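Read through the structures below before going on.
Shared between the two complexes below is subunit A, which has subunit B as its partner in the first and subunit C in the second.
So, the complex of A and B:
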């Protein structure tokens, strides 16, 4: 298994922050809130969540927007949003070093940042990425070269209490059998994460 | 050693099962403090931190938060940001500004109004703080006495610290503030919202106190106390001229 490293309270001025890395992928996540939000974003019954992913170089593009959407969707399931009506939380994710596992590292980093900020959540969550090679071998937490040669990349997010799947994200072609195989393999790994 | 009687049980993460309530547990009443939630006959943690037990049956999770969430009856230090008719809006670090009526001061009446300037610091107690309403502050207790609350005098110094540090130095059993007082004479006001107001004779002394208190963010009480005199001396010597 690849080496995981995490550091909490990395930034002094944000309400919660975390640096997380798996092998060559390093991501910094920082949380601000619960704080004031724009009137247009204000929800009368819950917390507004704003996720912003900024890549290592250049400005954020459609690819980054996809990652933002996946992360927002994931966190919303775990957040106890009804406890802070009319407030907002801003989550900023900065890619420090890219090794191909952006999505799963970002999700793990944002989970740690939310823990550090003391935001009330119903459960923790952890993400695992695996890939299928052309001869149907499932590699968990692959390197960048392995990712390029693979025919499909799958990412799963599990919750920390029941180990249920809360989000999946797949790219590439594969059949149902392979999906279940990868899922089982990721699940065992996620327990360690 | 932390000067607390509360016993630390273990470290919890959000979603961790703390205890399961059986249907016939009416005999023992348990109080759940911040960071714990009861749902589906289970008590689960909602924050990461140390699960602590105070007294016989009060459980809570001690976290290292920096952002303040207003709670009723807590003492806070706020900054006046706006005047709105007969109320002032005060920034207390939460997501909404708190309101304070100009009548909520000692000896204030409609004829003798309390005038606050923008940017004034106010030390008060939260009268109303719920998630659905704007927080409301007062500077008097139920007997209309100020008991130390009100506008803080000018010439002081304001800085922020994480909430767990604020809570720990307010604790009357904590000797840290008295330890500083052996070196410098000063007055201090600590709000539960992590804002600290310090006033001392000289500016260097105030800075020294700020750095002394910020020691507690990274180190435990013992280490901070032992390096205290060295730190304060270094500040005062440098600024002697």
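So, the complex of A and C:
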């Protein structure tokens, strides 16, 4: 397995923060909340979640927006939102170093940051990325070079209690039977994460 | 009748649940029954290729416009395909005027990823003269009526419009750097694969609804989309949060998706024959 490192309470001014890295991909997540939220975003029965992903270079465009959407929906499933009505949580994700595993590192960092902030969650979650090479070999947590040469990249997010799949994200085409094989491999790695 | 409508407005959860418990949905479909699909190609005469898809009430129009541009320095022998989906306020009360919202952006990105992952068109065929000229296909997908399942409808429209696209011949004189575009559109665009997507809403851990309407999507707890390139190759899976699924369910979804591929491929072939 690749080298995982996580550090909590990295920032002094935020309610919760975490710095997570897998090999060369380093991502910082910071959580503020539960706190005030704009009247237009206020929900009477739950928490409003705002996710902002900043890339290392350049400004935020459509690619980043899709990452934000995936992370928002994944976290919404695990947060106990009804405990904080009319409040909001802001999650800011800053990419410090890119090694190709942005999505899964961001999700893992977000989980740790939310835990550090003390926001009630129904379950923790772990993300694992694997890639499928042209010889149908499934490599879990590939390096940047392996990613470039692979024919498909899959990211799965598993929940902490039952190890069911919360989120999947896939790019690249491959045979249907490979899906379950990769899923099973990722599950075993997720247990360690 | 008004009492029923009042129940739907005041307590939408229990109204919807009363149908689900009887293995049905408010539009009289079973859980795993899809809506009828109509596909019409060449609906827009001013575009180089177009298709209109009606998936139940969801109406989506795709138009492909080709423009000549300079290839990217990093890929000098490849052209461009740029899909873009627009959700106009007329399609749903949840869509407002202004910059594209999350749904439009996520779906545009989804279409772009499918084109890339499933190798729908070989970008090298879009190159006219390496390093100098290439075609840039702008695929604009417009949603006129949003009643759920935007992903499936827009992908179907996009692939059909690409298959319908014809491009004119271009002559490039190396010495004078003059570009001559013929008036007649004679070259049919070669589509290498026709991916089909299947969206399933997850209402609860055991109840899965195929081809959701807008009501199904708002009552359900997340969706999963599977894109199959042909009956055995999985092009893309997308599931953003929502109800958790087990690997057995994933297998069930894949079988549903395979069936859907057969049905929609038949409809596509029929639309192109007429």
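The working rule: the second predicted complex is superposed on the first by the 193 of 193 C-alpha atoms of A that agree within 3 Å, B and C clash if a C-alpha of one lies under 4 Å from a C-alpha of the other, contacts with A are read in each partner's own complex, and residues count from 1 in each chain.
In the analysis below, a residue touches a chain if its C-beta (ideal position, glycine included) is under 8 Å from a C-beta of that chain, and two chains touch if they have at least 3 such contacts.
From a predicted model like this one, the values you see are computed outputs, not experimental measurements.
When the two structures are aligned on the shared chain, A:87 is found in touch with subunit B, with no touch to subunit C. Touch criterion met: A:65 reaches subunit C, while subunit B stays clear of it. In the overlay built on the shared chain, the residue A:41 is in contact with neither subunit B nor subunit C. Of the two partner chains placed by the overlay, neither subunit B nor subunit C lies in contact with A:97. When the two structures are aligned on the shared chain, A:159 is found in touch with subunit B and with subunit C. In the superposed model, A:122 makes contact with subunit B only, not with subunit C. Residues 159 of subunit A lie at the contact with subunit B in one complex and at the contact with subunit C in the other. Taken together, the subunit A residues at the contact with subunit C in this complex read 62-63, 65-66, 69-70, 72-77, 152, 154, 159, 162, 164-176, 178-180, 183-184. Against subunit A, in their complex, subunit B makes its touches with residues 13-17, 35, 37, 44, 46-49, 63-67, 69, 94-96, 131-132.
Taken in their complex, subunit C has these residues touching subunit A: 102, 105-106, 108-110, 113, 116-119, 221-222, 224, 228-229, 232-247, 250-251, 254, 258. Partner subunit B is touched in their complex by these residues of subunit A: 9, 15-16, 32-37, 78, 80, 83-88, 115-124, 159-161.
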